[in-house]
Amino acid sequence: MSAKSLRVGVLGAGRIGKIHTQILSRLGVTIVSVADPGADRAKALAAEFGILNFTTDPNDIFKDASIHAVLICSPTDQHAQQIHQAAQHKKHIFCEKPIALDLAVVDAAVKAVEEAGVKMMVGFNRRFDANFKRIRKAVVDGEVGELSMIRITSRDPSPPPVSYIKVSGGIFCDMTIHDFDMARFLVGSEIDQVFVMGQARDAEIGAAGDVDVAVVCLQFANGVLGYIENSRVAAYGYDQRVEILGSKGAVSCENNYPNTVTLSTGTSIARDLPLHFFIDRYMDAYRDELVAFVDACLNPATLPPVSGQDGRQALKLGLAATLSLKENRPVKLSEFPSGYPATGRL
Amino acid sequence: MSAKSLRVGVLGAGRIGKIHTQILSRLGVTIVSVADPGADRAKALAAEFGILNFTTDPNDIFKDASIHAVLICSPTDQHAQQIHQAAQHKKHIFCEKPIALDLAVVDAAVKAVEEAGVKMMVGFNRRFDANFKRIRKAVVDGEVGELSMIRITSRDPSPPPVSYIKVSGGIFCDMTIHDFDMARFLVGSEIDQVFVMGQARDAEIGAAGDVDVAVVCLQFANGVLGYIENSRVAAYGYDQRVEILGSKGAVSCENNYPNTVTLSTGTSIARDLPLHFFIDRYMDAYRDELVAFVDACLNPATLPPVSGQDGRQALKLGLAATLSLKENRPVKLSEFPSGYPATGRL
Amino acid sequence: MSAKSLRVGVLGAGRIGKIHTQILSRLGVTIVSVADPGADRAKALAAEFGILNFTTDPNDIFKDASIHAVLICSPTDQHAQQIHQAAQHKKHIFCEKPIALDLAVVDAAVKAVEEAGVKMMVGFNRRFDANFKRIRKAVVDGEVGELSMIRITSRDPSPPPVSYIKVSGGIFCDMTIHDFDMARFLVGSEIDQVFVMGQARDAEIGAAGDVDVAVVCLQFANGVLGYIENSRVAAYGYDQRVEILGSKGAVSCENNYPNTVTLSTGTSIARDLPLHFFIDRYMDAYRDELVAFVDACLNPATLPPVSGQDGRQALKLGLAATLSLKENRPVKLSEFPSGYPATGRL
Amino acid sequence: MSAKSLRVGVLGAGRIGKIHTQILSRLGVTIVSVADPGADRAKALAAEFGILNFTTDPNDIFKDASIHAVLICSPTDQHAQQIHQAAQHKKHIFCEKPIALDLAVVDAAVKAVEEAGVKMMVGFNRRFDANFKRIRKAVVDGEVGELSMIRITSRDPSPPPVSYIKVSGGIFCDMTIHDFDMARFLVGSEIDQVFVMGQARDAEIGAAGDVDVAVVCLQFANGVLGYIENSRVAAYGYDQRVEILGSKGAVSCENNYPNTVTLSTGTSIARDLPLHFFIDRYMDAYRDELVAFVDACLNPATLPPVSGQDGRQALKLGLAATLSLKENRPVKLSEFPSGYPATGRL
């Protein structure tokens, strides 16, 4: 079947909703309608990509029997409910991360999806980045041998507004959650224990009860040691690197740059700053992510490459990290309920 | 006016015709029809991008009064005639390089375009590459001071078939022509003299009267020294680099890679090969090139950034280089007719 | 005063003793005698560098009133006693790290040195490496602003014999001790807490009660977060890198290589392996270290740039890390006695 | 035999004489005397390295029967005569480049050396640089297959005084001569033809009849194409790079840097400038060059790795380049006398 035969509805016309809509449009998928509580936003997005319908009521999309799949790009607190509704109406689901900030809520959503027999994919776009895919390939192909260590560097150019931070669930569930998924994806093992060090360099972020610089240590079930270095601020821009050490050597990646130009003057040998933020850095990854989702929707035998269980495990790690920081102690993941289903696949 | 209001016809459904058609489609331009002597090729391309019409007769496009512009993606020996026809029918023209292999033919085509008052842009796509644009910006902004030298490295991964080489006009008019344009573009000056060294490493290419390895020396009117290093073969893939030396320092670029990953083993510190050929390397440049053409078509006051005169100057340099190789002597550009119009703009 | 006027004795003619002797010889220092329990080793080293005397009894050096300074290059378990003897005989002391594996022993040795009024320098040679000096300069000069994080990567090409590991004091007192000193040196602050994750990839090392892969988390008194990544094995060779993040940006270094050559083939873009081990990597640092020691010996007002207290602090961190691994908990440095003198200088 | 058993005299106590003296001293060679017309310079150099004798008369060295070899570090116009004198007194000769600026003079000197049966090595130090040696090894080992092209980039940070330029023999015999030797060394073939483009960016240099920016094209006897890019000025410092293309790929080197540190700020990703000039860049090469000379002096069967014939061929290329620039035409090396002996070894 062709991409055109897939009929989707988009829930949420904000920044990420626009990105996904543009990509689906270029892929030739039939976008039936876009829903957003802001009628103007929904209308504008529909107009930009020649979508025939828009609505302020997501139910118009859920109830449209011609629609095969939905993209949930709404605020986090609506994700779980929309998953339940989509599952009830037998639509495949692409849901932005995180599914929810409560493990029980996530479990219920995942259970509903599985019982409905629809497919759900969680938006961990970084798995589709060319650098990280190449690193994963090096691991899978045995190019670095048996793994010993993984380091993930993940720094944003500048922090979001404090108003956002207050409702974000904290740095570990909001920002590090991507890195937790990346760690599981690259190593191919679950994590048994986390230990966290953190600091609030920004006084306002500290007053909001969060940190903006953190190191998260990971002990994997297969013996690998991991560490994530996060910062809400990096003067030189978006910093997304990984390094893995194994028995045969190491594999690592650098940031992506807008050009390869070097300027050599009497002062320094310099190049321009890396791509500034996630939209620039991960645009190709967003596209490949949706290619995979479209493929899973069109082919009954194809599982989405990122599952609801993946979303749950990343959230659990975020909660464990939050607890470790609070109590200044290593936290075992076994302190948390194992959830539904009891075991995930990696 | 929007991209959609621009109505174009595509002449030629081969490799480069497909690339341009895909880009125009994504830009939202209205592609009215595609013409190719091979009806199947024309039909397939039309079908792929939802184009309503296709034809084996270019006249169907020239005579369609609703069409504003044409893209000439046919074989080189048809370029000039199609330019004349398009000009006669008052259509703007995007023409792949080279316009022709004969200076008088080029002059006549350029004259016809100017007299018809339509716009013509020649497909020197590399001017739109992020690396080369950044280098040009360094020159224009004075980051390297007054220029002394420019080096252009331009190597293909592997040679075209000898059958193609025999009708290509020779390496300097076929391959180096891009580098001649790049040299003029980056330095912002005309070239007074060329001197060439060449070798045929491949015996078949030599038997066809051509070379596959060449160094082309350039003396610019403004005193800058230049040199282009060409090879039809590079085992590691497409190699496209530039380095400029000026009084304040140097600016250079590296190749583009599919990822930034380094693999460190007991043998070496290694990375994957660069992007393999021009389609991968220059896809963004092809897009930005057509954005500029569409913009020039839609805005009466906007000149296309690459003119017919640019096409002529690059061809003249190709002919001079061919003569230099034949006679093993430096060749002045003044040995060639100045053409129409007498002076170009850079 | 000239280097030649400084008269030194070397205690220990093993690997590091040879290195220091060669350097002192090139610096023009007068080496009066070399002592080693192995007469052949002492004799050979003396012969190689034209040293007039050798002995199997260190007392011959301590009692020689013409000798101003000694280099203690003997096995670790003899360091403290030789420090006491040298101090008693009013000789300046250069001592290889660690001073001892027991804090009380170190305290007594440092106290003896201070009471004798002689100078002592501990052999943390990495402080004199061009890369790390440049990073320290970036910190001191404010090029990266207020510090947030430091990462130290420190990996050996291959582990020492298990027989050595058994008497080494464990990875944290033997190998990481260099990194602890580097962390204090680069950040310019003491460390309050350590937390360790470790694994024994090599079963024999595990059976000896040690680990060969470790991540050590550091919380500095000034709020900076740190982490050291150690491995006894790296297939690609000696790996010694640092990265510091601050409010104005980041500063980092790469490994050192025997050449800057890149080989581009049909397989990869590759370079040769980095300098293989510490003698190659740090030869210049060893020289500059001794230049500083000689300078401190010759100039009454000059303090050695690495003090006995620096040696004590690094050891304490090694002991804290060992405890953290054993008990899987963060360990405060305040759990250890503050020692003599109560406060160090950084 | 040991280095100590070799007794040498140094002719010339200027910059390069000091460098060689320091190196010989560290190698343990016995330096018997140093001669310089300036008694103070000779005395100071002798004192610095503990040399017992100094003189203002080179004959004191030539006539000292205990001396095995001389280092000719005097001004160029004295080289040939000192070679004749040294040969007459049966001393091995290390001579700084160039031997002379006249081919007949060089021939006579080479002939005198051969007839005397002594060894002569010319100071093309760059052959001993780690980068260039590694590139040569890649060529010899077939890592890049059959060669097609070589590019040599050779730029000084700033020009010498115009007073020096006036007596230097011109850029091609003074500066490019090193690159000519490097080209022959790396490719392993003689050169048949040169063609030169040049410009005098500095008006004073132009008035002195010389150029300060040049591109030199080389056609090798084995079909390889070469080009040397020279500049007397490079704002970022000493620039010494090579790139070779062959049928299996390419091999290239970068400049050498004082450290590997990168500073990432809000402005750029930058590193410090490369090593600034030849003394910093080539110190190890100067050492290894003298190691080879000492080895050839001590071992009857060992030929010096750089011969007088190598000096002659580089000079001839310099003269050919000078002629090419003057007449704006390619110059065949066969236009020059073949010299003595008729054929060189590479």
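Residue numbering begins at 1 within each chain, and the chains themselves are lettered A, B, C and D in the order written.
What we mean here is this: a residue touches a chain if its C-beta (ideal position, glycine included) is under 8 Å from a C-beta of that chain, and two chains touch if they have at least 3 such contacts.
Values in this document were obtained by computation on a predicted structure and should not be read as measured data.
Chemist: Name, by label, each chain that touches both members of the pair chain A and chain B.
Modeler: Touching chain A and chain B alike, sorted by label: C, D.
Chemist: Where the centre means the average of the CA atoms, what chain is farthest from chain D?
Modeler: Farthest from chain D by mean C-alpha position: A.
Chemist: Need the CA-centroid distance for the pair chain B / chain C, whole Å please.
Modeler: Each chain reduced to its C-alpha mean, chain B and chain C end up 59 Å apart.
Chemist: Could you give the separation in Å between the centres of chain B and chain D, each centre being the mean of its C-alpha atoms?
Modeler: Chain B and chain D have C-alpha centres separated by 43 Å.
Chemist: Mind checking the centre-to-centre distance between chain C and chain D? Centres are C-alpha means, answer in whole Å.
Modeler: 40
Chemist: So which stretches of chain D touch two or more other chains?
Modeler: Correct list: 235-236, 248-250, 263-266, 272.
Chemist: Which part of chain D faces chain C closely enough to touch in the complex?
Modeler: Touch residues, chain D against chain C: 26, 130-131, 133-135, 138, 143-144, 248-256, 258-266, 272.
Chemist: Could you list, by residue number, the parts of chain B that touch chain C in their complex?
Modeler: Residue positions touching the partner: 235-236, 263-274.
Chemist: Can you list the chain B residues touching chain D in their complex?
Modeler: 145-146, 148-149, 151, 155, 195, 197-199, 201, 213-215, 217, 219, 223, 225, 227, 229, 231, 233-236, 239, 245, 247-250, 328-330
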